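Chain lettering (A, B, C and D) follows the sequence in which the chains are written, and residue indices restart at 1 in each chain.
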Amino acid sequence: MAASLHLNPDHACLIVHGSDQPGIVAAVSAMITRIGGNIVAFDQYSDNPEGGAYFQRVVFHRPGFAAARPHIEAEIAQTLAGFDLEWSLTDQSVPKRMAILSSKQDHCLLDLLWRHRRGDLPVTVPMVISNHTASAEDVRSFGVPFFHVPGVAGPDKSASEAKILELLRGNVDFVVLARYMQILSGDFLKELGVPVINIHHSFLPAFIGAEPYKKAKERGVKLIGATSHYVTDDLDEGPIIEQDTVRVTHADSAAELARRGADVERQVLSRAVLWHAEDRVIRHGNHTIVF
Amino acid sequence: MAASLHLNPDHACLIVHGSDQPGIVAAVSAMITRIGGNIVAFDQYSDNPEGGAYFQRVVFHRPGFAAARPHIEAEIAQTLAGFDLEWSLTDQSVPKRMAILSSKQDHCLLDLLWRHRRGDLPVTVPMVISNHTASAEDVRSFGVPFFHVPGVAGPDKSASEAKILELLRGNVDFVVLARYMQILSGDFLKELGVPVINIHHSFLPAFIGAEPYKKAKERGVKLIGATSHYVTDDLDEGPIIEQDTVRVTHADSAAELARRGADVERQVLSRAVLWHAEDRVIRHGNHTIVF
Amino acid sequence: MAASLHLNPDHACLIVHGSDQPGIVAAVSAMITRIGGNIVAFDQYSDNPEGGAYFQRVVFHRPGFAAARPHIEAEIAQTLAGFDLEWSLTDQSVPKRMAILSSKQDHCLLDLLWRHRRGDLPVTVPMVISNHTASAEDVRSFGVPFFHVPGVAGPDKSASEAKILELLRGNVDFVVLARYMQILSGDFLKELGVPVINIHHSFLPAFIGAEPYKKAKERGVKLIGATSHYVTDDLDEGPIIEQDTVRVTHADSAAELARRGADVERQVLSRAVLWHAEDRVIRHGNHTIVF
Amino acid sequence: MAASLHLNPDHACLIVHGSDQPGIVAAVSAMITRIGGNIVAFDQYSDNPEGGAYFQRVVFHRPGFAAARPHIEAEIAQTLAGFDLEWSLTDQSVPKRMAILSSKQDHCLLDLLWRHRRGDLPVTVPMVISNHTASAEDVRSFGVPFFHVPGVAGPDKSASEAKILELLRGNVDFVVLARYMQILSGDFLKELGVPVINIHHSFLPAFIGAEPYKKAKERGVKLIGATSHYVTDDLDEGPIIEQDTVRVTHADSAAELARRGADVERQVLSRAVLWHAEDRVIRHGNHTIVF
């Protein structure tokens, strides 16, 4: 991958998440000083200082991070042993591996590939999988492998999903559904085991399900929107990462809503992907904390 | 009422609405020339040039309009006789009479009264009716009569509504529900016989019903909104006039959402009221055309 | 060019522009009825009904428009003879020919080419000219000719411009500067003789001239913006077609401002190009009327 | 003052500002634990981890804060002695005292008074001073003292300013210019010695100086804006706290721009005032960091 503003050598990101208790900031920041790190960014949030949930994101610079990582992880584990907290540590010099699933509509797909090429997304793109072949040439012109897995409804659905799983398993850190028009089964999501980010073409929870622009036209709304969320078993009900809206009028047809909405979709999806790739998004129940 | 930018002597607004046919623009504009008028603003929209619905708003200047009105109405009727169209004519030098119904929350109420006093709304405000007494003094400081009609649930609801009807009947051209927390019955709306504009504190159709900010917090949305719509028998389902949204984060509590939403509510409601007062909004089925 | 929503067979657009006088709407609409046309869209604006400037845009459907065009033009000329008005008529089934000039930054260039390929812009793209070679392959992958004309400062500037003129002359209806970083001379613009649309990476008139994001960072603004305008002899002073802004914070570096601004730039430019291509923009002095 | 969401008993805010060095977060958070505090909100920013400027805002809960304050201040001083940092500590249960200066236009003034009454601003309002008398009754209806100090141009200006100073000195923590149309002298600002927040009716740095809406109309911009900033000796050049914009069209007159802009002004000013009152704004050179 090309050099990016977002990949920083010897930088790491520590996410901490659990029950709020006094002293977490002090314990974590002292530990980072102790291991020779310098805090570059620090965000925290508690949904209730009295027994609520606590969330923390710390980015620190530590020369020789990769070599020292086992030692650092041991320090973190020891530091947090007294608290009721989960944690994860990521190396900010290593891009996440992002696969993209798409269908016929290519605006979100191409937007992600172009941002990646510009160095605006700290990821690699090991593959694009589509149930259509229309985008094959475009995708490959970005130097990205393209695989065609036809979508099949009904009993054979599991065959398609099995094929997709075979391609993805072990090769990706997260998956983006860039207007992928197939519904993924709960079994697939469980087997896959990495986060899946979707872009829905409405301002959720308005217009859940199929054909949201048609429904928006029918209801006569004055704004349309788009929502990026983590995919769960419940269709269109997963934790929301980012949303935005744009003004429309009575004079816009459903086709015009789709055209205008496409701009919002690619903006919203690209922000959600960037924030996920930078470890800024923490899932908590059906919500997200975005630092 | 104080002089306003929006009240123009010898100006009239003609709304035309019905089946699209060739020649409507030519017929209407020739008629306006014939009666000695000069077109100041002209908007039209057809949802389908082949047999769709047609909407037109023409503002024209005609010296001596009030005296000539019967003659002008006869000309309009004759001109449109050959088309399948309804029409209405309003004198733009005469402010509409707007009653406001409110409850405890006063942000929308006071915002409308301020704007009115500044000359930013081409209306008179003959009265404010509330099911609480808290705003009485504020309302009267604007020189506006205040009436307290306690809201009653259950069988006595009709008594309250009868009292409100008695106050409003014949005295108002439209009614604004400025965060009025009582549900008006279908009978009341029918008896009243003038348009009723509501402000709902969500981006409809998301979060229909009570406590939308609480629901928004639970769903974890990243934008909240407000919707102004005409009131119909179906709660929160009437034709939408205007909507807007504002960005929020995970860190905003439901109370904070309410505080931030209050700003959107008063902006959205004031725009809807202004457009209605200027005869810019045409209802068509469950939609609005806003010129 | 692929079929587009925006290209309509047998549709024409008549722009009328000049001194306001009573009777223009009636005269134009009667004429359109007379020539067998049906009005599809009608917009008008007067900056002062008493002796101000008048602007009108009428889209009408007229079966057999192309064959009847000379007859229709004669009718228009005769109809408007008694008014102090200029007019122009365009065939809405014929796409405008749009050349793009670009430099190293490719976000605006690629965005326009994508939208064009999707059928979202009613134009053809006969060529892209750049003072860099980096985008050659991308441009050609869209089936669009690419020409490299190195930019030269100082006395030899005229040589570059002459070469560009040679490529453009007679082949284009308008030119888009998609982050083209060379300043075009007044002589070039005069020789070219077609409208030139630029995208400036600031909210004009703030941050005129070079390096607007750096200046925005230095001034500590909380929003950055982009402006699309027609190019005139006065750098960054031409009539503004469209603008937009996006929120930034103290934590965004100048590089981050540029990254975030790139999204605003391509949105703003694409809207300006679409509106120009649809004959929605009328220039008047240093302003635009956008219908 | 009425109880407010924003005033929290036993909560304090520590602002730290100076040269970035490793270990600041650890030192501050350990100190807060040591004094028996629990961190409720923590924000930090460094404009350059290598020798840049560092900014930190910590809100902590400490039972019995007021009584323990001298001890806590001594701990802070000792903790930060080894760093090159300035600090300030505020008691978040004590509202700041905000005076408002206004002229004829009352939209910003009334908006602030109403928000204050609703409990949405953690301040008291000891007085309003105006160079006009029009708002006297309105201001007093909020229970706020009103003083009339006529504005005088030329040599007598210092007399007015002296009178204002006499009223303000010792009685206020900050001053808000709510569309106050007199220019305050550098001497006045120096004598006053507390922050002064202004609302300018343009998107600075566009349209510096008088009559920005007229200038915006002349330039033909498609968005207008408002800017709230700290007042310095250089007119319209002080550090920007908050800005926003709203869309306008060619059809909006300068008067209409002013009407639409008034909504943006009061939103922008109210956000700036809230953030200042909550100690969220740190000045640094001609910039602000807003946490």
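General remarks:
Keep this in mind: a residue touches a chain if its C-beta (ideal position, glycine included) is under 8 Å from a C-beta of that chain, and two chains touch if they have at least 3 such contacts.
Quick caveat, the model's predicted, so the values are computed rather than measured.
A count of contacting C-beta pairs for B-C and for A-B identifies A-B as the more extensively joined pair. Centroid distances from chain C, each centroid being the mean of CA atoms, peak for D. Mean C-alpha position of chain B lies 37 Å from that of chain C.
Rounded to a whole number, the gap between the C-alpha centres of chain A and chain B is 42 angstrom. Residue positions of chain A in touch with at least two other chains are not found.
Chain contact topology: the protein chains form a complete graph, every chain touching every other one. Residues 5, 107, 110, 114, 118, 120, 137-138, 141, 255-256, 259, 263, 267 of chain D touch chain B in their complex.
On the side of chain B, the complex with chain A involves touching residues 45, 203-207, 219-223, 225, 239-245, 249-251, 286-290. Residues of chain D touching chain A in their complex: 22-26, 29-30, 32-33, 38-44, 46, 49, 61.
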